[in-house]
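The following blocks contain the structures, represented as structure tokens.
In the two complexes below, subunit A is the common chain; its partner is subunit B in one and subunit C in the other.
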Partner chain A sequence: MSDEQTFLDKLQARNAVRGDEPTWITARRQAGAARFEAVGFPHKRVEDWKYTDIRSISRGDFELTDNAEFSPATAAALTLPIDALRLTFVDGVFSRSLSDLNSLPEGVSIEPLSQALEANHEAVGGALGRLAGIDFSPFTALNTAFTEEGAVIRLAAGTVVDKPIIVQFLSRANDRPVMSHPRVLVEAGGRSEATVIEHHAGEAEAANFTNLVSEIMLDRGAILSYYKLQEAPVGDLHISSLHAEQGRDSRFTSFNLTLGGALVRNDLVADLNAEGAETQYNGLFFVRGRQHVDNHTLVNHNAPRTYSNESYKGILDDRARGVFNGKVMVKRDSQQIEAYQNNANLLLSDRAEIDTKPELEIYADDVKCSHGATTGQLDEEAVYALRTRGIDEQMARGLLTLAFAGEVMEQVQVDAIAERVELAVAGKLPERFNLAGLVESASALGEE
Partner chain B sequence: MLEVKDLHVTVEGSEILKGLNLTLKAGEVHAIMGPNGAGKSTLSAVIAGKEGYEVTSGSITFKGRDVLEMDVEERAQAGLLLGFQYPVEIPGVKNIYLLKAALNAQRKARGEDEIPAPEFMKLVKEQLAAMKMDPSFLQRAVNEGFSGGEKKRNEILQMLVLQPKLVMLDEIDSGLDIDAMRVVAQGINSLRDPERGILIVTHYQRLLEHVEPDVVHVLVDGRIAKTGDKQLAYDLEARGYDWVLEESAA
Partner chain C sequence: MASEEMEQLVRREYTQGFVTDIESDTVPPGLDENTIAFISRKKGEPEWMLEWRLEAYRQWLKMTTPSWAHLNYPPIDYQAISYYSAPKKPEDRPQSLDEVDPKLLETYEKLGIPLHERAALAGVAVDAVFDSVSVTTTFKDKLAEAGVIFCSISEAIREYPELVKQYLGSVVPQGDNFFAALNSAVFTDGSFVYVPEGVTCPMELSTYFRINASNTGQFERTLIICDKQAQVSYLEGCTAPMRDENQLHAAVVELVALEDAKIKYSTVQNWYPGDEDGKGGIYNFVTKRGDCRGDRSHISWTQVETGSAITWKYPSCMLRGKDSTGEFYSVAVTNGRQQADTGTKMIHIGENTRSTIVSKGISAGRANQSYRGLVKVGPRARNARNFTQCDSLLIGDTCGAHTYPYQEIGNSSAMVEHEATTSKIGEDQLFYCQSRGISEEDAVNMIVNGFCKDVFQELPMEFAVEAEALLNVTLEGSVG
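And now, the complex of A and B:
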């Protein structure tokens, strides 16, 4: 039996027990399955997948689950300690008890996909799948075939949401590995402002497969910060595709922070469709052991006077492997574009490896564009210099590693996220690296 | 406080220090002078624990402890601090963080709690003013983009904040203009203390006009060839080093 057939059989079994659903969903399911069957899983001869071997997924045998049972104590330890609006999924299944959707502010709608479909499936159907279709990759096709659950977030025009909105995915240590194909749909109305946090975490022994598709639509003037904090257990397999569509003067800031997972592949696509639209891609990954992380980013400058800025940093230890592919596409007639990209990598071990590749396709002439990629090691002289001041070697290395990540970390506005990343990267430091309080008092000093 | 006995050190197979003896008591300021290549930097680096030097025989003890058995960071925590001739740039690590992390490492080694933030800021603020440095230096990455003089002031600032038991300064005066020299000298003088030793490595007597040494040693060809008081520094300035060599050979 082919690898694909294993998944198609699972789909068929699922469809057999599925209740009634709108015909458009069934039709898309079928189209997704047909597409997946036709193209099959990607292999290493496909350019986009050259450095990433997904056989741990394609040769796997993953169950679908229907229950969201999870130890509340474990959940509490994994959950970001933030006063937030929260949707929680356990192995892809919505958990009402681990969610917190009480007192939604006016203009804010947050629902699990299943519930949104039940309430008004037509309102979902137009947006879902509009940005991330079945042609994007075999995985989006597979996701479409299996679509069941996910998060639907809608912000009415002019709504400013104070609390972050967290979409939390918890992975369980199951007897048999489980798969899920969640969707995230964010519709940010004109001049709305919000912070969304997609958080992946789980029980240490978990080894599940998540195949996520996110679609984010920013209307005119909308401002959205989208954090993805990947802290999945080191046995988890994760494929994700995030597509943002930006209207006039909208601003999309993405933080793609990867600490966990055995195999993590992120595709990010931003379509800058109208003047004044701006995308900021911030990325940081810190991987060890035999972890593998692959980030493929794409910015489509489809309109004049659109801006993009990208900064990705990779830190790799042991035998970890990283891939960065950053593509910028400037359409003909998209004049007065600014597009900047930078990728820097730090190898903490001789056996760690990174493949990095910028790709620029520019068909307009009035364009400011730059890109750069570097890969290096910790400066041993700097390690020594810190040690001569009494700082032990481990902390010295931690400090310098964090310093490397500094440029990206300084942009992180959510303290709880910054702390998790700092702790992972630098170990336990005596105090927060950027020392919020201290920095304030020091700048006050300067003003005296 | 510091006792160096019959120290032999080789670097990449060649012997640089050839039986060096030195005793420095708490409260004293010693200057080590000598021609280029004599081994002055080697001596201070070996005491501070820099890698790449092989101690083939002899001993270094500091307050009764065997220094050669201690890691670099342990030596610093015990109060042995070396100010470098060429301070290293540490991109991304803010000066203020280095100071705080270093001070807390020292306190931790003594079994003390971390310094409270207000107390730390007060301390840093005072010393910054003493070194005539702008507070913006605290927010800058250590030595990154600093001029030569600023780097040297920064080394002294670290000493003032960390208050080591033994201050070693290697050519702290090189590349300093007159004003910077005064500020640096003032910084060193304020470190004079009955409980503290100061070891100044230099090959000019210029700095010693501002910081009066109690004892002056002449290091030639891997050994202390002559020891005297501050007058010796003037004699060396006037007559060079050759006569010391001849005298010690005689």
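And now, the complex of A and C:
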């Protein structure tokens, strides 16, 4: 039996027990399944998957689950300590008890997808799948076929949300690995402002497969910060597509921070469709052991006078492998655009590997575009300089690694997230905020 | 700038397009094992060479045309191409310029390459390739004195079979890629250079390729071997006459540098780019690769690409020896409907290997240009270093410039840097020059030449002059 058939059989079994649903959903499911069956899982001969082997997924046997039981104590430990509006999913299943949706501010609607569909399926149907269609990748097709649950966030025009909105995905250590195909849908109305945090975490022994599709629509003048903190257990497999569509003068800031997961693949697409739209892509991945992280980003400058800036930093240790593929596409007549892209990588081990490809595809002439990619290691002289100040070697390396990540981390506005990442990168540090000066002086000494 | 001038430039005729009427000994179009046997027999090759060619052909049959490049062209009918064309009477090769067919000399005159003059002035030995057979080689005695072998590859196959057997295909194997396999099966001529141990080649070696007979593919094979501590600088330059049918060119160049050897390979390529609709230009699918086999060896590629309808070319370096270095300097200019997908590969295998890549792309008219490069650092290449700079200049709003740099780094001691920019000639730059009394035309030339300076300074003197002239002709008046 082919790898694809295993998944299609699971789908059929699921469909058999599914209750009535609107016909358009059934039709989409069928279209997704047909597309997936036609193209199959990607392999390494496909340019977009050249460096990432997904056989751990395609050859896996994943169950679907219906219960959202999770130890409250473990959940509490994993949850970001932030006063926030919160939606929680356990292996893709909505958990009301771990969510906090009381006292939603006016103009804000946050609900699980199943509930949104039940309440008014037509309102959701138009937006769902509009940006991330079944032809984007075999995984979006697969997700479309299995779509059941997810998060639907709607902000009315002019709404400014003070509290961050957290969409939390918890992975459970199951007897048999499970899969989930969640959706995230964010519709930010004109001039609305919000911070959304997509957080992945779980029990240490978990080994589940998450296939996420996120669609984010920013209307005119909307400002949205979207954090993705990937702290999934090191056995988890994770595929995600995040598509943003930007209206005039909108600003989309993405933080893609990867610490966990055995295999993590992120596809990010931003469509800058009207003048004044701005995209900021920030990324950091810190992987060890045999972790594999693959970030594919694409910025489409579809309109003149649009701006994008991208900065991705990779830190790889042990036998970890990182992939960065950043593409900036400037369409014909998209004049007077600025697009910058940078990818810097730090290899901490001889067995780690990074494959990076920053691409520019430009069909307009009045543009300012640049990209850069570097790969290197810690400056031994800076390590020495720190050690002469009485800092032990491990700490010195941690500090310098942290300094490397600094450019991206400085942009992080949510302290709880910054602390988690810093802790992972540099180990337990005495104080967060007096480090910068120390590192700076050490680097300066190293340069002398 | 006035748009008429731009129009004028876009419509400019290919000044070096003309056909010299020389009777060619051409086989009918088509490719099968018989064609290959014919070529091999025609060249008076030994049996092993024919076997080698057939092996390549059999591999080629199983391969498909690569489709990953950012190029757009109709499928090529390989059975519609004639695979052999040679000036008549190959046995009666002229021994000096006086014996050369006056029409051929006339061709060179029209190209602005007065062979005798150039040879005398610049001290360059010229192995002139007219279509497929080398017709004249100068300064052979002087080279022989130094022990340098510089001859056509066919001659080398006959005269130095051991060297050829040892090195041919050792850098670019027969089945390396679709076009290399095709070349291995049907190559008709090219140059062979062997510089013995400790010898610095007393002059710069040069071959002028020229495609002439209509509808004939050009399949050159060049093999350069630099023994221990030897040095050589090799120049390759090309122009072609105007033609209506697309002409296929699939050359293979192999360089081998042993311990402490240095090879510098420079190219100026100005083949016919096709008319304003892109019709009739040369298809240039070239595999060029250098093997830094010995420790401390050095290979440097410099190219100025202004011609061809399609360019598919990635001169590469395999940095195997410890402390070996590879360099790639490139200026590529595309105008009209030209398409170029070019770049380099630097494969770091040995310790302390270093590579530098400087690529300058200029795209105008409706042309599309891509830089495609790979820097790979293997797990044993400790302290490998690479610096890459690739800049694109866009002239006009209907062209495209693309960058696809691949980095595959598998060693923590590696330092790899890549930088790329895309911009146009700024209004303020032009204004600045013009306000100081410099004409717009000159200002554009200055800016473009400044943009390419890093590459031009790597070219040997006589090529640098040619390159700058080519660039000015190609782009004059195209900025507005």
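In this section, the second predicted complex is superposed on the first by the 432 of 448 C-alpha atoms of A that agree within 3 Å, B and C clash if a C-alpha of one lies under 4 Å from a C-alpha of the other, contacts with A are read in each partner's own complex, and residues count from 1 in each chain.
As a working rule, a residue touches a chain if its C-beta (ideal position, glycine included) is under 8 Å from a C-beta of that chain, and two chains touch if they have at least 3 such contacts.
Since the model is a prediction, treat every value here as computed from it, not as a measurement.
By the touch criterion defined above, A:333 reaches subunit C but does not reach subunit B. Using the contact criterion defined above for the overlaid structures, shared-chain residue A:18 touches neither subunit B nor subunit C, since it reaches no partner. In the overlay built on the shared chain, the residue A:130 is in contact with neither subunit B nor subunit C. Legend: residue contacts after superposition of the two complexes on their common chain; A:363 is shown touching subunit C, with no touch to subunit B.
Of the two partner chains, neither subunit B nor subunit C is touched by A:96. Taken together, the two complexes place no residue of subunit A in contact with both subunit B and subunit C. Of all residues in subunit A, only 379, 381-382, 384-393, 395, 399-400, 402-404, 406, 429-431, 433, 435, 437-439, 441-443, 445-446 touch subunit B in the complex they form. Of all residues in subunit C, only 68, 379, 392, 394-424 touch subunit A in the complex they form.
Looking at the complex, you find that subunit A touches subunit C at residues 47, 51, 332-333, 335, 345, 347-377. By the touch rule above, subunit B contacts subunit A in their complex via residues 48-51, 71-73, 76-77, 81-82, 84, 87-93, 96-98, 100-102, 104-106, 109, 114, 117-118, 120-121, 125, 134-136, 138-139, 141-142, 158, 162.
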